[in-house]
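Chain nomenclature is as follows: A, B, C and D, assigned in order of appearance, with residue numbering initiated at 1 for each chain independently.
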Amino acid sequence: MASTYGNNIKITIFGQSHGPAIGLTIEGLPAGMAIDEEALRTFMARRAPGGSLSTPRKEADEVEFISGVYQGRTCGVPLTAVIRNTNVRPQDYSSLHLIPRPGHADFTGHVKYGGYEDPTGGGHFSGRLTAPLCIAGALCMQLLGEEGIAVGAHIVAIGQVRDRLFDPIAVNANDFTAVKKHELPVMDEQQGIKMRSAIEQARAGGNSLGGVIECAAVGLPVGLGDPMMDGLESRISALVFAVPAVKGVEFGSGFAGSALWGSQNNDAFYVQDGQVRTRTNNHGGILGGISSGMPLIFRAAVKPTPSIAHEQNSVDLQAMQDATLKVTGRHDPCIVPRAVPVIEAAAAVAICDAFLEQKKYR
Amino acid sequence: MASTYGNNIKITIFGQSHGPAIGLTIEGLPAGMAIDEEALRTFMARRAPGGSLSTPRKEADEVEFISGVYQGRTCGVPLTAVIRNTNVRPQDYSSLHLIPRPGHADFTGHVKYGGYEDPTGGGHFSGRLTAPLCIAGALCMQLLGEEGIAVGAHIVAIGQVRDRLFDPIAVNANDFTAVKKHELPVMDEQQGIKMRSAIEQARAGGNSLGGVIECAAVGLPVGLGDPMMDGLESRISALVFAVPAVKGVEFGSGFAGSALWGSQNNDAFYVQDGQVRTRTNNHGGILGGISSGMPLIFRAAVKPTPSIAHEQNSVDLQAMQDATLKVTGRHDPCIVPRAVPVIEAAAAVAICDAFLEQKKYR
Amino acid sequence: MASTYGNNIKITIFGQSHGPAIGLTIEGLPAGMAIDEEALRTFMARRAPGGSLSTPRKEADEVEFISGVYQGRTCGVPLTAVIRNTNVRPQDYSSLHLIPRPGHADFTGHVKYGGYEDPTGGGHFSGRLTAPLCIAGALCMQLLGEEGIAVGAHIVAIGQVRDRLFDPIAVNANDFTAVKKHELPVMDEQQGIKMRSAIEQARAGGNSLGGVIECAAVGLPVGLGDPMMDGLESRISALVFAVPAVKGVEFGSGFAGSALWGSQNNDAFYVQDGQVRTRTNNHGGILGGISSGMPLIFRAAVKPTPSIAHEQNSVDLQAMQDATLKVTGRHDPCIVPRAVPVIEAAAAVAICDAFLEQKKYR
Amino acid sequence: MASTYGNNIKITIFGQSHGPAIGLTIEGLPAGMAIDEEALRTFMARRAPGGSLSTPRKEADEVEFISGVYQGRTCGVPLTAVIRNTNVRPQDYSSLHLIPRPGHADFTGHVKYGGYEDPTGGGHFSGRLTAPLCIAGALCMQLLGEEGIAVGAHIVAIGQVRDRLFDPIAVNANDFTAVKKHELPVMDEQQGIKMRSAIEQARAGGNSLGGVIECAAVGLPVGLGDPMMDGLESRISALVFAVPAVKGVEFGSGFAGSALWGSQNNDAFYVQDGQVRTRTNNHGGILGGISSGMPLIFRAAVKPTPSIAHEQNSVDLQAMQDATLKVTGRHDPCIVPRAVPVIEAAAAVAICDAFLEQKKYR
């Protein structure tokens, strides 16, 4: 089984990179939401390829709502959106069926599906499948926005170039706007320029880079999320790890916090303007799986794009012997910039799911 | 909603720290499994308090199977196990209802449940609730063991004391046995001794420490897990983050890998004895959410125990004004050692869930 | 997998008839509900054996809440209730393992679980497992009651003795009270007396009888339930068919309505006191899976108790040859009276699940 | 939430009658199934309108697989199929928004979705949404067929004209073939002719008829299904009640059986050719929710089509006053014939779900 997530906002993502279409079904959106097509387009454009830093594959990513919308508004029933795949070049991948690309799902998918997998462009495992997740994210952000909740992310590292983190106490929606003004969504534009150089160097060398994305959600009421398996960390990480190439997720002070004393890592409570707040935010806005009202903050580690132009060692799965492989086709030297809205989308869907859960009890 | 996990192995954990009992229901275990009570007791004992490094609270953790077992074997229907809470001292927590402990779920639970939460000992949020997870883990490990799959974990850091990692290529069940021979489950006993000192120092200072646990699963066939939201990373992280105090999870090269070149992080395939293997294991045994047959490896960051003996700043939730708090009661200065089997249990349940999923298609 | 139901109110039932205990876990109840122990006891007593018409097996059915309750109120986390099995006599069933009782799950359970099933008293398949469902029902009825929704049922047939149906337009909570005043919950006490005679005749002849139960829910707002697979008919029937011995469920005019003209079966709308109502109620309060505000009405067919004192033809599963069987032990000649609250419970849980679903969108 | 079903075969149905498209996503089909397009087309044609007895609306029902298929075979990932709506005439329904059609979901949908529902042609509530269910059914039948399991249905009543039932002991796949040879799928062609007359009479009178469909599945192994909420009756009824207009479901002897003595209704076991069978089949092939190996048999009551040409009493929802309504547009006087494959599809999906569940444990 596969590609379904959520209890209250339930999404099912379908499609293959070079099949007829990709898309998703979302259940649980309230009826009457006016689809903000402009906001959707803007959001999708952030994920779309085409910038000077990414793959030359042009994907129009035109979203068609084939279910769940009536006269421009959600009508309460399952919403299905599809994006036709127009610019497919399956021949680029014709040899992959037998010689799996290192770092990709070619090998594992081949074994899992007994040789019946769709090998073209990664099939259902392609990064292209994050486009439908962005549709879900845009709609959930619209819903959360009406409740005063905003979600935003930025790049904190590309390769070994690092930018500073969000201020875990003061981060707000203005920061989300500010980072988008740069070519790369960073806090410090100087670091963004260095990141751009690093990416261009990777491209020139036929190599690739990964990085780290930090995401925050602000405006959450206290009380979203549930204990144990439905805690916010569990809900969010389950969806963030569904994004191809993510190999690590940490909340608040995360791995660094695990090296501190308790007296350093604990966040003292205080009252301000009738609200309970914490002086520091090592807990990343989540205590016991439940939102504390402080900014929710997490970081995702994105591995370097496995598609590189170098000749690599692999195996011939039919002959079962060693082989070499040179990946051609169109690929990003670094998908981190395009992954930023995808991480936001994952966070927005997970938070929206917890938000609707909590609405039952108010 | 809360405390349910899984599609094929479905677990529901219930109970409060100082309520009548804690326990769980597991659905999906095959009928006819002889419950290995000795293995269960041994496994539970690793989580139990009582060592010189942990809380003096004595919990017998006697497991009673009240459903799903007949004549010592699983009988196919929901298995329910309960552990009576015998050594409860609710008065230790009598003041917590109004002055939440920093780093705990007291505040978020209070708001979420409108003041009706069980505040004694953390209620359902207590680390004590990991005991039922260990029951599930022990049973799932038994099932996986029959398939040649073993799961083991060790401490790689306590505070700032670090041990070396598992060898990501060669790790095997012998390593799991070896680390258990030390007082703390570590690779290098010298580091274990330093960790012990650090914990004793924390206790002496009324403080606490966190750390990092590394877990591996070996013997997995290729093909477990599913793309996107049911990928192994999503399945495992959702359950690992359900363990109180876990704030980060990374697979394979994780955060460090995100700073490498693609050419460094990609794991080259080769054929050995008719099996496809990889020369390195930065992917942590998972490609596209699906097991590659290489050791599955992940690390979890555990925050320092929030219960410390220092006076801390907090708030009086009734008066809505600042207050101070001194936590009394019995607490571990470092729960990392006791969390090791819990992380193993989480991994075992998640892998077992994916294993049964795949059995449908063989 | 087995014994879990629901999306918003999620119940998991566990236990075997002659195991240590039976019980259930309910997730999704709001925090702060004062458990009405008296109402629970009264409700459970209607299902309990012990009347002159039922089995002499005495079951105290004492409910212990081991999770989810704090100081007499729900505290928001999974609620688990157990009933210890005290009066077990496994030897009564000692021969059933090999010679399955006709009409019972002995044979199918034996094959499904590979001979590892618990054969004593039907194990998990026993009617005794409806006691936990009644706990869930009582709690859900309490919740629905606060919203002005009442659920009630009565016997419309025992064998060939039939009573009249609820008035599908005018049925209300007073009817639910009225039917409980009779020895058997019927509309017309004269028919109840005939039913009692029929049951006594069955007992005298070592035989058994089935019947039909009608259940209504009143006070529902318009809009509960969802289209297609989460329609109220689907939700309710899935849980009602979980009650052992139920072999048919029909809503509104049901099977009889399928023989009418559309012009007869359609229910005309009209406005009364600012509310939309229907002149007739052949739709049983559900249109398109969604509540119409009219009384929700359904009937369940209960097969005759399969345990009869006659010698019956069966098979010896070990020798794989024909055999005869005489069931001893303590059995009801007719479980219909005791099934009445169980059907109410199933309806209450299903409606409560739909009710919480809809609360998300108000 | 809405339109998702199943644990192992998971289907999500989307679309509105007069929206751009209808379709579904199926998860859980094994990779490598060659899509039998001819069988699919034949199956879909049985549901399609166009015969002399049904609506003149012509729907091509051309199925496009946009996900999950590669080179004509399932490739293991979510399968999505869409049918474009080509012959839509929304103006036929332009007045329905305010004056709900009796017997339809217009009123309940309007209230549930706060006036934002898609009112054209019933929207998501339309019988047209059974076409995607038929796609799922055809694929599941193909899968079951490889295991020797066949599913078939016939009409047992149209209005007051009744045909005989399947022989509950001897029914087999030949019967399924035989009934399809008649214009209406019946056992006794003479009764089919009378049914046809009744339908023509209904059409002539601007009226409509309902009926009863009986469905059987043969070749099931013993052991499919699970106790309580995942019993076969629960699984099947939940999906059959998702079919618009179904208001009753009974298994085996059903409602009639509830009037028998236990000694009459119990089905005696015997051994034949090394197999356990029953002499009668009042249990409809299901004991304790689990298949017994005897033919699985159930009947579904279908209400008369609510769309009739008579003037009917309704309400003006805007003015909140009584009103009359005359439904125009293209409608079937009796949908029972077209519902036959839909009921088969529902049964096939539910059985397939239970079949894959059981495969985990073999």
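In this section, a contact is a pair of C-beta atoms (placed from the backbone, for glycine too) under 8 Å apart; a residue touches a chain by one contact, two chains touch by 3 or more.
By chain, UniProt protein names: A, B, C, D = Chorismate synthase.
Fair warning: this is a prediction, and the values are worked out from it, not measured in the lab.
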Chain pair, B-D or B-C, that carries the greater number of C-beta contacts: B-C
Chain whose average C-alpha position is farthest from subunit A's own: C
Approximate Å spacing (C-alpha centroids) for the pair subunit B, subunit D: 46
Length of the line joining the C-alpha centres of subunit B and subunit C, rounded to whole Å: 39
Junction residues of subunit D - those touching two or more other chains: 1-4, 7-8, 13, 28, 31, 77, 109, 112, 124, 227, 357
Residues of subunit A touching subunit D in the complex: 1-4, 8, 10, 12-16, 19-23, 25, 27-28, 31-32, 64-70, 73-80, 82, 109, 112-118, 120, 123-124
Residues on subunit D engaged by subunit C in the complex (per definition of touch): 1-5, 7, 13, 100, 102-105, 107-109, 111-112, 124-125, 129, 157, 159-160, 202, 207-212, 222-223, 225-231, 233-235, 237-239, 241-242, 244, 246-255, 257-271, 274, 276, 278-279, 282-284, 287-292, 301-308, 310, 312-315, 317, 320-322, 357-358
Residues of subunit D that touch subunit B when the two form their complex: 7-8, 28, 30-31, 77, 227, 356-357, 359-361
